[in-house]
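Shared between the two complexes below is chain A, which pairs with chain B and chain C, respectively.
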Partner chain A sequence: MQYVLRKMLTGIPLILGVTLVSFALMVYFGPDMTYQLLGKNPTAEQIIEVRHQLGYDQSFIQRYLAYLTELIRLDFGNSSSGEPVRSLLAKTIPVSLILILPGFLLGHILGVLLALAAAFWRGRWADKLIMAIAVIGMSVSFLIVIIAFQILLCSSDGLNLFPVRGWNVQSLPDYLSYIAVPTLATTFVALGYETRFYRSVFVEEMTRDYVRTARAFGLSSRRIFFRSIFKNCLIPIITRVMFSIPQVAIGGSLLIESYFGIPGIGKATYEAIITGDQPVLKAVVSLTAILFVFVMTLNDILYRAVDPRVSLK
Partner chain B sequence: MNAADAPAPLLRVKDLTVEFRTMDGIVRAVDAVSFDIWPNETVGLVGESGCGKTVTGLSLLRLIPSPPGQIINGSIELEGLDLLSLDAGDMEKRRGSEIAMIFQEPMTSLNPVFTIGSQITEVLRRHRQLSQRQARELAASLLAKVSIPDAGRRLDDYPHQLSGGMRQRVMIAMALSCNPKLLVADEPTTALDVTTQAQVLDQMRELQNEFRMAVLLVTHDLGVVAETCQRALVMYCGSIVEAGKTEQLFSSPRHPYTAGLLASIPRIRAERIAELPVIPGRVPDPGNLPAGCRFAGRCSHVQSRCHQERPTLRSVNGNAVACHYPLGADI
Partner chain C sequence: MNEFSSVAGARAVNRRNSIWRKVLRKFLADRTGVAGLAAVLVYFVAALGVWCGWWGTDWADLGGSKWEAVSAAHWFGTNIIGQDIFSRAIYATSTAFEVGVVVAVLATIIGGVLGAFAGFFAGSWIDELLLWAMNVLDAIPFYLFVAAVAYSLAGSPYAMHVAMITSFWIGTGRLVRGEVIKLRNMEYIEAAYAIGLSRFMIIFRHILPNTSHILLVQASIAFVSAIKAEVILSFLGIGIRDGMSWGLMIEESTKEVLAGFYNNFIAASLLMFGLVMAFNALSDALQDAMDPRKVA
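== the complex of A and B ==
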């Protein structure tokens, strides 16, 4: 517990750094919202008035400190559309989570299982088949996969089983029908990468000395593989899963949400970037930094749980 | 103790030949090696690194990594049963319970993420019908036997919490756990410091007598062989070049290679010499071996016959020697 707190504390400089850099970028390279708000013929007074409202007349340090206060209070004010950022996040984050989670879990779980099978029967036909599919999954662009699945499964040219766009979820069947194709697409692409990565982890572990020892004492290869080797591989598995969380949360949901017209955080962020909606951007950037720190801490704690050699100090 | 009271050897290896497929073609790591081990006997298998001694040891348990390795010829009979004829599952059952092997690297030879207790009990329960509790008690008593203090509590330690010597003792305890008839020990003390080395060797010798087990000690350390082995086999380039009783082999080596090995051991008490005698030249490339005697290129007694004809093992004054012109023999 003490360790967790300490780790969280060491994350604070990281959060400060990320927010400082992104804030500087927003301030010096972001759009100036004054004229957008005022229309074509503002008076000088109006300009001063609006600039004051937006805080543009304050120094950079003052504005950054104001931003930090917002961050601590988790209150990012109103977005440029007038909606409180907090309610925007509360609306979009859960959508993204339930949208991304199934594909994320499936990708990793199936990836590990397929990799186990490939490594266990390595060099045989099962291995070759799985690896061939993995290479296909890796080689095809994510966009192509999305479009192909949309045509095959959602259009009248294909099976036309699922809605191609939108998000009108009232019940579990609704939910399943909306996430089916996005989940298939993400899983298909993730499987290629995950299977290859995990297989190489397992195969490398199979050459370790302790494996030879276990064999010299008559333990069955099945037991060695699924017990001894698997437990030793948990560290790379955990690392990979943990570090793909922030990536999936940002990049993955952005593409999926814009192609399937789903109102999640990825799409909201994308729109905020396009329109220069700084309050939303500030919120997203800082929450992402916090997510990173949180994931890293969790990562270290999980290491400790699976590997006795790791000590939390 | 050994040969005299047993009618038949425990292990009879005949013409064992092992090849590895490599990028540069097929390499014959072990070439027609034959030897016997009698019950309760300690035999040293000596040679430089890369001479095939470890591969020989691994072959006895059929643990050659395959691919690329393959036993292409020969037989390995343990109490008359050819291990090479067994199917994989049958062989698996015999590993640990009839023939076990311990390795050089005590640091990496134990699984780092399981307690030593769980690793020993896993082996015990694989070969014997024991409950978890019985296995644990037995494991504790085995650890006590290899002089690990406070054995009961040590069971819950992970390998990294033990010293190198203790880890090697844990390996020995594991090896003893199912009472194998033959233990192949591949450089068991090489990674340990000298005092620990002596303790571990003593312990092995004591336990060997108590458990009546034969040991094949694979090592490059002639001192260890002199101390612990009744007989020794000297390997060079994949084949045995000399074999015999340790004392005789060490006092009057017949093969120039054995003599060279013995001469290159540093001695503390002997007068200071400017330079340690070494065997000149290098081990031939195993992918490209000479036609005649493989030691010919480095031998100081070489004659023209040595380059043409490969010598086979024959008996010379009690030792078996593969040399056309053995040292100190009247030809």
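== the complex of A and C ==
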């Protein structure tokens, strides 16, 4: 517990850095919002007043500190549509989570399984086939996969099985039919990268000396493979899974959600980008940074659980 | 045999066994890699032709009618407003190369230099600062970062390039840092100190060249990532602003596929897939040839 707290504390410089960069890019050098808030033909006094409200007449440091205190109090204000950012987040984050989770899990689980198969039959046809498909999967753009799956599965030119876009979830079958195509697309794209990565991890472990020793002692390949190699590969696997969480949480869902018109955090972020809605962007950036620190801490704790030699100091 | 010719002989032997020759031999033995290189060169010629004005010049002309089928005049047909899809796809190839090369070269240079500094001064405040910067940039979601950069550069056409370079140097930086930490404790570096070389000279003349295998592979990875990211960013409206790219073609085609016209989508997707696939094959072969520790 003490360790967790200490680890979280070391995340503070990181969060400060992220907020500094996001503040500098999005607020200080960001678009001037003065004239969006003013009506037509404002007087000089009105301009000065709005600029004062927005803090444009203060120094960089003062404005950054104000930005930080807003963050610490989790007071993100209202989005430009007038809705409080907090309720916007509460509404959109769960949608994104249930949307992204199945594809994320499937991608990693299938990736590990395929990589295990490829590594187990290293150099044989199964390995070559899996790796060739992985390279092809890696080379197709995410966007193209989404559009192609949509044409094949949702349009009248294809199988027409699932809704084309949107999000109208009332029951479990609804949910499954809406996430089917996004899940397929994310899994497909992730699979190439994951399989290659995990295979290289397994193969590297397979060439270690202890494997040769175990083989010399007459242990069966299968036993060595699952008893020793797989266990020793858990640390890179955990790291990979954990560190893709922050990226997937925003990056993956941004494209999927804006393409399929699903009201999740990714789409909200995309709209905030397009309209320059700073309170929303601010909240998203800082939450991601906090998530990042959280994930790093959790990662270290999981190391300890998997490998007793790792000590948490 | 006099002394001179034996020195020359030793040099010839050295040259024959030089590391780059071995890499080349290994690379040429890799058929997939050579095929990838050949395909990349074909694309490069296509892009070169656009830069020299040999072809693809009429990509913005409204030469045909709406959605013409494939014909001798329009090899891939025409799009919704009658522009020739083949010219647009070829022109987009040059855009892809511009984005890929600019991002790959600059990201690799920055990553190499900063990574070398971090590694050489590992444990000091320079290293701490650079590591902090890497972590901070890693913690910001990529698409959000691009959008933020696009804003602060007030819609500059290079906002996307700047954002990609700022995020893509990190991977290279981390790898180079790790390698330099190993290199700086080697005897030849000690020897370089002993003969009075400056640290600057040691880093740039004696350490960085020894990381070139990492730099080359990372540059090829950055090239592919940049092309793939360009397509998504252009589609989202925060990428290429003027000109034509595969991402913009796909964006255009999403309105067309709903009406059952696929030429634009297929042309852009296949061309992009071909280049990325070829480059992936090339990059894999480079890694196999240059990384002594990599086991296939």
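One rule holds for everything that comes next: the second predicted complex is superposed on the first by the 312 of 313 C-alpha atoms of A that agree within 3 Å, B and C clash if a C-alpha of one lies under 4 Å from a C-alpha of the other, contacts with A are read in each partner's own complex, and residues count from 1 in each chain.
What we mean here is this: a contact is a pair of C-beta atoms (placed from the backbone, for glycine too) under 8 Å apart; a residue touches a chain by one contact, two chains touch by 3 or more.
Here the structure is a predicted model, which is why all the values come from computation and not from measurement.
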{"item": "Chain B versus chain C as contact partner of A:181, first or second or both or neither", "value": "neither"}
{"item": "When both partners are placed on the shared chain, which of chain B and chain C touches more of chain A", "value": "C"}
{"item": "Touched partner set for A:302, first chain B, second chain C, both or neither", "value": "neither"}
{"item": "Partner chain(s) touched by A:228 [first = chain B, second = chain C, both, neither]", "value": "first"}
{"item": "Touching partner for A:208 - first (chain B), second (chain C), both, neither", "value": "first"}
{"item": "Contacts of A:220 with chain B and chain C, given as first, second, both or neither", "value": "first"}
{"item": "Touching residues (chain side chain B, partner chain A) in the complex", "value": "61, 63, 67, 92-97, 100-103, 105, 108-114, 122-123, 126-127, 158, 160, 171, 174-175, 178"}
{"item": "In the complex with chain B, residue positions of chain A that touch it", "value": "123, 208-210, 212-221, 228, 231-232, 306-309"}
{"item": "In the complex with chain C, residue positions of chain A that touch it", "value": "13-14, 17-18, 20-22, 24-26, 29-31, 135-136, 138-144, 147-148, 151, 155, 157, 203-204, 207, 246-247, 249-251, 254-255, 258, 269-270, 273-274, 276, 281, 284-285, 288-289, 292-293"}
{"item": "In the complex, chain C residues that touch chain A", "value": "132-133, 135-145, 147-149, 151-152, 154, 228, 231-232, 235-238, 247, 250, 253-254, 257-258, 260, 262, 265, 269, 272-273, 276-277, 280-281, 284, 295-296"}
